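The following pair of complexes shares a single chain, subunit A, combined with subunit B in the former and subunit C in the latter.
Up next, the complex of A and B:
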């Protein structure tokens, strides 16, 4: 028993030590939950870099709430609801964060919101949870997301495929909460336009080979294969198996595949002209090309040494920046005021604020002006469910320089 | 003040999760601790319990089967029955396998259950999971909702503990340890070893199913990721081994202690500078491993060892073989 007492005492001491150092005046803490370990660990580091860049912009341009430091406290939601609830409880109760950005995955968001943040009255703003279910939580207006629900991207890709003259498509998707949703929405959208789905198959990620599934799918005589997968989980393997065995030579995909390692591993010349990936992109302003907000973000992000086309990094930047704006607008690190403030700073009308324009936003808020954040990932107008309504998409292929390049 | 209140709420949450894991660990203790059945498929029975209760207690939904809106208590009872029934089927096929073969068979079965739950979209909503699961007492004001949930879990653990202590002392429990230590001798003494092993397997699985149901209600959401082997099978094993197998108090202590280490290490790694955020998550897993290693080195037989019953033994009482 004596040992146990020691252990208990040590545990209590650790808790107290953790709590004691938490409250430093004027600093504003926001939880930054993400699937740092677990199934999407390859996708998360650039997203976190995006969030941290926003915090850097805030802190370099005068800080938050009259000079305080805007601190993002990391929590590892592991893409697993159990872990997300655990991480969320620590952020909300031990770290006493004002709000939470993230978590990454839909399942993690679902668990953390229902079990922790909604009962505690804390706003969450996810950058990559796309499941439609999240719109239907009884959230008391506390659950927001900057990533469009699955349906939009799938419809856009289906429309693109039809316009490109593809009529018969085979579909394969990784069986996880993100890709399964995209895949099924794509099937529905493409059939609605009038196209034929020659076969659809869910697959388990991280396998050595997908030859047998692909041979079955190729038997249907499809013009193209739509692959919904994370590049590192199964995406690259599926492309490689298809090309090696000459099963498909035209591919469609979504933003989970947007990584330069796909081109590096398979070869730019092999893929050029054969693959098109959709990605949420800001409204094009003027004739063509990405919008002003995206350019502002992309330049800053590249200067910091990161790749701005990676999946959901612009959303990561946007949620961290928006949350800072909402706290500044609320005028206090008060959990109860964030929800309303978030809508005010994100939605039109108001003075347009773009990524990196923290000082301008701060001065406008101080002057009592209404502001409207136009994000790197899109205009970001929250509807009554806290979702961004629709988005525009770019369609990317392999460019002459061997990177993903938007195609006209 | 808010800080202290926050730490109080976190402690309530920590103990609730620890208590739910204690239910799982007690279930495993019946199988491994009492009887020596190497069940490496805890996650499977966890998932069956969680999904059964989730489907029965949620409101009607077009996303998954069930949606009967039953009270949580009925869901938990059904979770135990469903786990027990499936365990009976599994046991009929696998129970004669020696320990390591049983481990392989159950590990495989748990993966099969997980993949079925993940792929049968019409029944379980597949990878997207079941949401809006009602949580007992959730309509009470904070903090009473959380405290009441903790008390419920605590009461369940206490009742299980009482029953299992009783069972372990009863002739039934003693036959189980006889089977564990020397199956041939138990058989020679006229015991129906196979039937008794099946009983222990079913009972343990039913308790694991209850643990799964509690987890589903606590998190209010369940998806197949929650039944992956690391956090649903191996973590439970670590808890039992550290606490002390064949000792119910050890099972409970191990669960709470290991969960506390698992969870609180993040509080420490969060304090690292921001540029460490990515490394910190991995450093935390390292810290968990280090802490577990330390405890195992310090208490190689578990923190609480099995208590041997003092019975009025004949003079030539057998030597107590050491438990693996």
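Up next, the complex of A and C:
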């Protein structure tokens, strides 16, 4: 008992001391919404690690707004519009965050933006919402994203399929904003190149089996099946049903499938050579190979014990860092000023700031200089829709070590 | 052959799984007189217990079937002791609501212990036997159907030829008369839970063996299983078996391309079939096919 009382006293003293120093500069809270649980839970921890690394860089190099702590308040959007509205409401109304980064999924971003953040006048900056429809939200310039619209990804994947000699493709997509957007865009892109879509079907996620759906699709005689789904929602089940029933043996997919549990569940040897997944290239391209910005991020991220090529981790870093820059630029934790400030710090012209260069950026902003963040995932120039422009994509297959490996 | 491979066989397999689940629901309904919402989670629990045993020992999941059934039955007996027994004389609605609460508690427990990630008993894929170049039969489907049939036969023997079974039927027909004739009602209730939970665990294990393990699997089975129990007639175990098979087969057949080349019903609406049957039965024949109880 005595020990506990001593501990409590020590804790109180520590709190007082901490409170004393924090009183000089206010802490800044930004919501960090992500699909921590739900159908992409395996993809989210590395992305959060990316965001948190940016916060660490900010706090280690002098903090935000004159020494305050840059705090990312987590919210679980569950990759689900309803949950995202709840998480967003809590962040905006209870935590009183200045702005929100995330959520992860397009449907969640759409739901949260329309129901919570746009009405409240709060900026949303997503690192992985890629559905084309996000561009056209009536958002009063409040919704931004560092991930390229899937208009690009679908074209890139369609081109890849055509170059790989596939002419007839069946398409199935999960009935949500991200997968449906990607699926429809892929169908349009592949038909435009001259390919044939033998059948397309929306499916409901989370079913125990898709045998009957797949047998209908296979009836069209396609060379391959394009699966647009989250791996934990329906992706793994569709691959399993297709392979077990010998309905398809060539698959195409996108970043929502790129989790190692797909390979663990189905077996590397079963999948090798049969599946190709597209992913926005994690690195900004330099003149030859990865650019300086990406290298700066990748080195810091690897030093922290993480894998920088995982889907959207560099985007995660970029949104957290950009948001800090925008707040610093705005000069106050003022929701209304973030949107304009975000464009100023992200877009050219200005002094180039790269990942990790918080101190340099802070000093430049203090001196009244214009800055231009060149992110790990790309140059990040927001257009009038708050989108970044065209990106390059990598194509991944099952590598010799049983993980997703870029194919040359 | 597409009809047999992708609609009839999966329908029969799914139907026998529903049938096992429905027997438990109908027995609880008949003897304890309430709709047990926690029944779905009992199935989930059985599947997860088996998953743990498989991961620990690495044997075939069905070898653990008796163990998992026994463990699940023990768990459910504990649940009855703590939650349902104090409410034995309470109005039905209170029991139904407590079972709903239990459903949420058990599901959360499963999520805390095992996580929300989708898992499966075995890695990799299982290939079918192919007959005549076109008929594709999965060994696992044969095993599931055979095991389910054996369990149903077991239920038949129990109900027809043992004292406990006869007591259960008596309780189901008239609890007051049963009590007057000196039947130990608590004992019959325990037996009901054991049979219901064991069969539910088996249903969960078969479903997981055919597909995968996830925390909402039992909850998603709840509606078709209730529909099967209603279709067969409440309190009628044989009705539940027939109802389960009918619901499973009709669900799968509803997506066959009966007319032209498009599925009769888009597969996304498959789950609605059980619901439609349930509503139709409640309106036009609430006693079910086997003349069950009407509340």
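The working rule: the second predicted complex is superposed on the first by the 282 of 408 C-alpha atoms of A that agree within 3 Å, B and C clash if a C-alpha of one lies under 4 Å from a C-alpha of the other, contacts with A are read in each partner's own complex, and residues count from 1 in each chain.
Here, contacts are C-beta pairs under 8 Å (C-beta built on N, C-alpha and C of every residue); 3 or more make two chains touch, one makes a residue touch a chain.
Not measured: the values here are computed from a predicted model.
Asks: For A:204 in the superposed arrangement: first (subunit B), second (subunit C), both or neither?
Replies: The answer is both, since A:204 touches subunit B and subunit C.
Asks: Of the two partner chains, subunit B (first) and subunit C (second), which one does A:175 touch, if any: first, second, both, or neither?
Replies: In the superposition, A:175 contacts both subunit B and subunit C.
Asks: Who does A:37 touch here: subunit B (first), subunit C (second), both, or neither?
Replies: A:37: touches subunit B and subunit C.
Asks: Output check: A:120 vs subunit B and subunit C. Expected answer is one of first, second, both, neither. What do you get?
Replies: Only subunit B is touched by A:120; subunit C is not.
Asks: Which partner, once the models are overlaid, touches more of subunit A's residues, subunit C or subunit B?
Replies: Comparing subunit B with subunit C, the partner touching more subunit A residues is B.
Asks: Just checking: does A:215 make contact with subunit B only, subunit C only, both, or neither of them? Give me first, second, both or neither.
Replies: After superposition on chain A, A:215 lies in contact with subunit C alone.
Asks: So, A:304: does it touch subunit B (first), subunit C (second), both, or neither?
Replies: After superposition on chain A, A:304 lies in contact with neither partner.
Asks: What part of subunit A is shared between its subunit B contacts and its subunit C contacts?
Replies: The answer is residues 37, 175, 202, 204 of subunit A.
Asks: Any idea which subunit A residues touch subunit C in the complex?
Replies: 37-38, 41-42, 175, 201-204, 206-213, 215-216, 219, 232, 236-237, 240, 243-246, 261, 264-267, 270
Asks: Can you name the residues of subunit A that touch subunit B in the complex?
Replies: 3-4, 7, 11, 14-16, 18-19, 21-23, 32, 36-37, 39, 44-45, 48, 52, 55, 71-76, 79-83, 85-87, 89-90, 92-96, 106-107, 110-111, 114-115, 119-120, 131, 133, 136-138, 175-177, 180-181, 202, 204
Asks: Quick check: in the complex, which residue numbers of subunit C touch subunit A?
Replies: 2, 5-7, 10, 116-118, 120, 123-128, 136, 138, 207, 210-212, 214, 216-217, 220, 252, 255-257, 261-263, 267-268, 270-271
Asks: Looking at the complex, which residues from subunit B come into contact with subunit A?
Replies: It is residues 2-4, 6-7, 9-11, 13-14, 17, 63, 115, 118-119, 121, 126-129, 131-132, 135, 138, 142, 145-146, 215, 218-223, 225-226, 228, 231, 253, 257, 260, 263-264, 266-268, 270-271, 274, 277-278, 280-282, 284-285, 298-299, 303 of subunit B that touch subunit A.
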